Amino acid sequence: MLIGKVVGSVVSTRKDEKLESQKLLLLQIFDQQNKPKDQYVVAVDSVGAGTEDMVLYAAGSSARQTTQTDGKPCDAVIMAIIDSWDLGGENVYEKWA
Amino acid sequence: MLIGKVVGSVVSTRKDEKLESQKLLLLQIFDQQNKPKDQYVVAVDSVGAGTEDMVLYAAGSSARQTTQTDGKPCDAVIMAIIDSWDLGGENVYEKWA
Amino acid sequence: MLIGKVVGSVVSTRKDEKLESQKLLLLQIFDQQNKPKDQYVVAVDSVGAGTEDMVLYAAGSSARQTTQTDGKPCDAVIMAIIDSWDLGGENVYEKWA
Amino acid sequence: MLIGKVVGSVVSTRKDEKLESQKLLLLQIFDQQNKPKDQYVVAVDSVGAGTEDMVLYAAGSSARQTTQTDGKPCDAVIMAIIDSWDLGGENVYEKWA
Amino acid sequence: MLIGKVVGSVVSTRKDEKLESQKLLLLQIFDQQNKPKDQYVVAVDSVGAGTEDMVLYAAGSSARQTTQTDGKPCDAVIMAIIDSWDLGGENVYEKWA
């Protein structure tokens, strides 16, 4: 999984029928030191993530292993909202700080 | 999923029989700020996308989860036509603007 | 899928038994403007491609969705020979030109 | 598989229910000469890896082939703790050295 | 598939039980002109490859399609030892030269 920040959302009315009612969020990918990378991904949200949340997303076929995305044409899913992470013994990110 | 723009199409008469009648579109991949990236992909169209449409495509095994692509040797599918997206609270793309 | 040009072939006598009699072709990957990229892939040929043909290949599990590659340890398959493609309304490649 | 070093962990209380009780470790990816690369991945630990351990992780659908990760939305799993490796006849890394 | 050279091996006693007795080889990835790339992968050997052999490996779920790797948490498998390959009509590599 990689770390992403919810920075936007995508609206589509004409899409595969299996994707009806799925929230499509735009994630900026971050590195392990909490710095933004010049990469993004559009992911289905399965955990109720909100703007500016730091999240984990799973890609590929693993993105279809949530109840919500099972069998859908979706290659990225937000499967966790991050509370905190540490790197080399130091706290790098703390949601409630 | 990544964002792409329909910029062309590929014609092939000699192909795997499962791909008969499948429309193969050439997508230029775009970044989150609506700028073209130096990357492309050829994707099967499952939503009736047209030239210059901004679309989402799913890659890998997820590209085979539409009714149209099920069981086919296809690793990229257009599964949504984008109406709009926003980034950091600002509207970046609006189809009908 | 990406565009490749058949530029060579690989010979192997000691290989997984499921790959017996499979033709292994060396593809140079091309960009959307018909320029070679500094990337290659070795793919199983399922459509009878020949030297210098421009082809499409599918990667990952999708490479196992042809009758020929089903269940085989193969992560890239040529599933179409390209006749032509266009980009931004202009013809970029024409096999019979 | 690629080589990684356990450099941290990620805490998440709000996540897909299938991921309850899964330990999420932050891995810095290393090259074959035991030098850190500027890449990371967050992986589920299935072997009891600890801080600073050098490990192997499997990505994609292969990450769901351990008993612990079967059917879960997880695209990277630590499936081995490395004791040692050699390169070109020379020992590069030795856990117990 | 990509071309690799067997340059080392990885030893691990603590690993997923499905990987018991699997030989884990370190491959340096090579380009189509037989020049080393700055990339490596650790792959399970299913064909009895030895040091300095040039091999093909399959990645992703295709790495689990050999009898030996079926159902295992392994995302790269050596499935062929290369005898020779040619590029643009010229022989680039010959095992027995």
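We just call them A, B, C, D and E in the order they show up, numbering each chain from 1.
To be clear about the criterion, a contact is a pair of C-beta atoms (placed from the backbone, for glycine too) under 8 Å apart; a residue touches a chain by one contact, two chains touch by 3 or more.
From a predicted model like this one, the values you see are computed outputs, not experimental measurements.
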item	value
Touching chain B and also chain E, the following chains	C
Between chain A and chain E, centroid-to-centroid distance (C-alpha), Å	33
Between chain C and chain B, distance of the C-alpha-averaged centres to the nearest whole Å	20
Numbers and ranges of chain D residues touching at least 2 other chains	60-61, 63
Chain contact graph, described as a line, ring, star, complete graph or other shape	ring
Chains listed in ring sequence, where chain C comes first and chain E follows it	C, E, D, A, B
Touching residues (chain side chain C, partner chain E) in the complex	7-16, 18-19, 24, 26, 28, 38, 40-43, 51, 60-61, 63-64, 71-76
Residues of chain B touching chain A in the complex	1-3, 31-32, 46-48, 56, 58-63, 65-66, 69, 77, 79-89, 92
